[in-house]
Amino acid sequence: MIVVLRPEYTQSDLKRIMAHLQEVGLTPNPIIGEEKTIILGIGGSEHLKVDAIDQLRADDAVEDVLVITKPYKLVAREAKPNGTQIDVRGAVIGGEEIAIIAGPCTVESETQLMLTAEIVAETGAKFLRGGAYKPSTSPYSFHGMGVEGLALLKAAGQKYDLRIVTEVMDIRKVELVAEYADVLQIGTRNMQNYDLLRELGMIRRPILLKRGFAAKVEEWLLAAEYIANAGNDQIILCERGIRTFETATRNTLDLNAIPLVKQLSHLPVIVDPSHGTGKRDLVGPMSKAAIACGADGVIIEVHPNPDHAIKDGSQSMTFERFQSLIPELGRIASAVDRILSSPVAVKTSR
Amino acid sequence: MIVVLRPEYTQSDLKRIMAHLQEVGLTPNPIIGEEKTIILGIGGSEHLKVDAIDQLRADDAVEDVLVITKPYKLVAREAKPNGTQIDVRGAVIGGEEIAIIAGPCTVESETQLMLTAEIVAETGAKFLRGGAYKPSTSPYSFHGMGVEGLALLKAAGQKYDLRIVTEVMDIRKVELVAEYADVLQIGTRNMQNYDLLRELGMIRRPILLKRGFAAKVEEWLLAAEYIANAGNDQIILCERGIRTFETATRNTLDLNAIPLVKQLSHLPVIVDPSHGTGKRDLVGPMSKAAIACGADGVIIEVHPNPDHAIKDGSQSMTFERFQSLIPELGRIASAVDRILSSPVAVKTSR
Amino acid sequence: MIVVLRPEYTQSDLKRIMAHLQEVGLTPNPIIGEEKTIILGIGGSEHLKVDAIDQLRADDAVEDVLVITKPYKLVAREAKPNGTQIDVRGAVIGGEEIAIIAGPCTVESETQLMLTAEIVAETGAKFLRGGAYKPSTSPYSFHGMGVEGLALLKAAGQKYDLRIVTEVMDIRKVELVAEYADVLQIGTRNMQNYDLLRELGMIRRPILLKRGFAAKVEEWLLAAEYIANAGNDQIILCERGIRTFETATRNTLDLNAIPLVKQLSHLPVIVDPSHGTGKRDLVGPMSKAAIACGADGVIIEVHPNPDHAIKDGSQSMTFERFQSLIPELGRIASAVDRILSSPVAVKTSR
Amino acid sequence: MIVVLRPEYTQSDLKRIMAHLQEVGLTPNPIIGEEKTIILGIGGSEHLKVDAIDQLRADDAVEDVLVITKPYKLVAREAKPNGTQIDVRGAVIGGEEIAIIAGPCTVESETQLMLTAEIVAETGAKFLRGGAYKPSTSPYSFHGMGVEGLALLKAAGQKYDLRIVTEVMDIRKVELVAEYADVLQIGTRNMQNYDLLRELGMIRRPILLKRGFAAKVEEWLLAAEYIANAGNDQIILCERGIRTFETATRNTLDLNAIPLVKQLSHLPVIVDPSHGTGKRDLVGPMSKAAIACGADGVIIEVHPNPDHAIKDGSQSMTFERFQSLIPELGRIASAVDRILSSPVAVKTSR
């Protein structure tokens, strides 16, 4: 830690701040420069230092406090240089194979879900997504089928051998959702719902942690650190677009974050181009871009009849477009030495 | 609602979309222009239309859907043209008097809290703030004293006749916090935690709803609409700075939002210049600016010893600076025909 | 154009606004709804309407003005559905082949430039970039070699059969730069320097128009419209990252804009991953992503000795990394049915 | 300067980087910590260091370079602790008196301008604004009356004893505009047009430097440093709103920047609430807020008939509203110990 003093600091300021560093376990090392005086704080446990940084910044004789170590440890790349692979009932995320997670934004009916699940399974994808509890900006929107939706998801997963990914919003329903789902998703608006993060750190299910739409990469990794610190290291990060000044797309998909997070962390990272763009026509190109820059998978909204989807139809793909996209993704995967699993014969209900 | 069709739409597209509008209770009215064809959807209940907008946007023949009515009703200015005044045990927010809410970021000890409460009360301020449960970006930070902190707040409120404002983060603790606090605060990271909003809509305590740091004004008002729709219309809005590209201040305090929200909504609005700037030296000037542009109050962090505050010391005021600020705010209040309550003699513990 | 009236409008407001629409050549069509009254303005020339929109918005009886036609015409996809191909002395941008533009941020010396040009040419790339006039945030930075740098660029282009891409900043130097360069670049800070845009609309050289770092896609296309409207339709768009709240990368490369702009406009679009990320290690992955989502080329900073580059060394590639990247890009190009030109034997100076 | 090394650095890396620091005139001082090794570079001229920072960041063994001195010197508060007062033909900006600059967005006709100038003068304001050259996002908008507009401005200034503030966009017209105007304005889109900044550094007229709509405070001060470094220290800074995700207002007026810039720089700072909000109804409240937080003046758009203004009518005030606002601003000025000059009897043309 480097404490930069204001030009007008006094000797008693210097002493006070050096004492403060010692209090939190750091060895203070003052360097008197021509223009600036700084104090290096060496050693000490990172955990102790977190709050000390704030305190030192508040000192009137301090101009700035520079921190040169990362604030997260458990999810840092250094902790596991070879990367984490997450095994979800035999399907691995973070290995050679690109994970395809697809399905409707919202579970609307048995027919809608089963039709979609069949198509998803046929392409070789191994994960079915679908919302049973839906966050909505307006209180007057549909909020999901709830437990009935969860049951449909589970049934579809069993029928078509798909692993279920679904969001949990309410901390009181974590156990309930975990009964039905294989992977529990934390939505973008809940990325800093710390009580929920801690609760999900205590269950035995992989977590798909969406990036907050206004979260810096460091904050996203700290949210993952919360989960890991509570005991669950099965975390899949998901970039889903950030909020910027641009209004031509629903969000700005931040693909820079993919190779960056792969450097900073050992966790697998996937991309959600449906929310990341908000436009059906952009989902295909951005799925390819995601795989090209190193994502471990994509999560795509697919609907039998997008213009009658209850939510997010404008970013949902039709079956036809989804089916034609998969081999295109396979070509990109090959070009970066990754693979996509092959189409599967499914007993069809059609 | 105005549905703009793509140039290449067909007659069957037109029929389908007109039928869709009728399904959701709207009378469709097609207008064939030279460059564009649009369909007006007239009448209908706003509640039914929320999800229909998404569906229509997803239709391949639709270029855009323009909505010309506001998505919130209960909190809109039209619902209560004279504005809402919220009476918190005799202290009114939203009336002629500017509300001063002050106290430490975090409750740290009985001494710290009582010393601060005494100073706050002496200035004539009627509200004491303080965190018992603290959201922190890092899992390794201090997370607050919990119920012990709540008890201290209640004791300080009773001793110095101050109303208590404190944050509730965990939906399972709403009832607990309501036992101790007069006003329940929803923090910036929880503005779109919809389950929490609904729960707070069902209790009988005023709610202080902080704006999400990346929330548009419309989303903020929709969050308030959630609470109102669940039954609680005692809502105080609080602007606390938004996240922008600027890094010289912790957040960008969006004071434009104050006169704007006063036009759009009947709810009282206050400003948090401590989080809004992150810098102690800016808190005074921005408190004045807030009152000058129409805020109904300010919420200010004060600490007996800011450079040893556990959190946010760099944005906390010393007692001396806070005491000198209050009469300065009084002068601004007068200049906009508002008042500040007078200093009070308090039995001092010093 | 759709004019939405405020609820409290009067009959005389309605008449005034209808007259206003007629003045600017539109046929007014009032629709009296239950909740809202709107006036449709049908027909009329788009050019006349631009300023009228502002005027109508200013009317106290007007709540909003909605425009449903695009504000640009010449650069819109509709104007040239098959897309524009730009032939730069035999090398085409916007065709099947992906354009590779590479070179140092700044021309520093003959040795530096010739060494780089040779490597660039050997990979099969056909364009050499390099700055002779450099915009710098600080007045105390190096501002480029000026005309001497231009002469070196031209010499390198001739020796290695490369087309030269370089920035022009000062409107008084447009003719000078055009004597030396094949493609004139407009930098991100000058995207809305309208006098410069018009001047470049009057020369006979292709223009590479970088997106302003805070420009919306629509504004970027309007900047291109300025150039086209002044007479030059040889415009290459270049996405180079936008400014957002994220500080972990220098900019946020907005790849969503690539497939979006390909839909909206007929102009070719390339990507600058060097400025778009600011980090050398991310340039390779993001170049691949750019090609995967449909970019017509990439512009990459390469330097013989990046850690002694005068500018932007941290985002410049070494020769080795650049040489190994090109075949990787070739694999992605194939996967999206595009091609990269083959390596070339160059008479080496080494 | 503090150079942080990557954990895997070698002894030869350390030597190379220390040598690099010496090359640019800094004394290197390595500190080997448990977790991190850093090298302090002490002394040296700031000017030499600007480009060195970039070079060091590019070194593969360097993790980060931290700079603890400000990059601007001439405009820094330290250079002139008592602040700069700018005398514009007897009217001082930056002193006790709040400067009121008012007038139409665009000069449209003699009648429009003279009517406005008269009203402006009557309120006691001493500055008239008006655009003769207008930047417009669309090439199809009105671009101003040019030299004819300048002549009208000069005539209005003479008739009503007002100082003229107008924008110069084209570097080739700097001398021309300086013949007519008292203060030359640099618009938000040209804040980083460095050739223009330098040119304006060489004339003998005060400069009003608007903040770029996506410029950080530091970049804004560096733009001022360009002008000062070229020889002109008569610079007035003007905050006019920044671009954020919020779309409810045209820009987000960043009033935090006012007290912040007053700390960092000795230059006077004024506020443009017309562009800063884009909404006529918000101009009054935000003008008050600007003065309350320490601005040295405001620049306000006024028009005899805002709903027929060619540009920006929706943010222009009527004469009536402007006239009633001035005494309201006077009350705020008093509340912060500043003054507004008194109304003046003007020979009226009405």
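A, B, C and D are the chain letters, set down in written order, and residue numbers restart from 1 in every chain.
Methods note: a contact is a pair of C-beta atoms (placed from the backbone, for glycine too) under 8 Å apart; a residue touches a chain by one contact, two chains touch by 3 or more.
Because the structure is a prediction, the values reported are computed rather than measured.
With every chain reduced to the mean of its CA atoms, the largest distance from chain B is reached by C.
If you average the CA atoms of chain B and of chain D, the two centres end up 31 Å from each other.
Remark: chain A and chain B have CA centroids separated by 27 Å (rounded to whole angstrom).
Distance from the chain A centre to the chain D centre is 40 Å, each centre being the mean of its Cα atoms. Chain contacts: chain A has residues 214, 243-245, 247 touching two or more partner chains.
Contact topology of the protein chains: fully connected, every pair of chains touching. Those residues of chain D whose C-beta lies close enough to touch chain C in the complex are 46-47, 50-51, 54-60, 62, 71-72, 135-143, 169-172, 189-190, 192-195, 213-214, 219, 222, 225-226, 229-230, 243, 280, 306-316. Residues 214, 216-218, 242, 244-249, 252-260, 263, 276-277, 279, 281-282, 285-286, 288-294, 328, 331-332, 334-336 of chain B are the ones touching chain D in the complex. Note for the complex: chain B touches chain C at residues 2, 4, 29, 31, 33-36, 38, 40, 42-43, 63-64, 66, 68-69, 78, 214, 243-245, 247.
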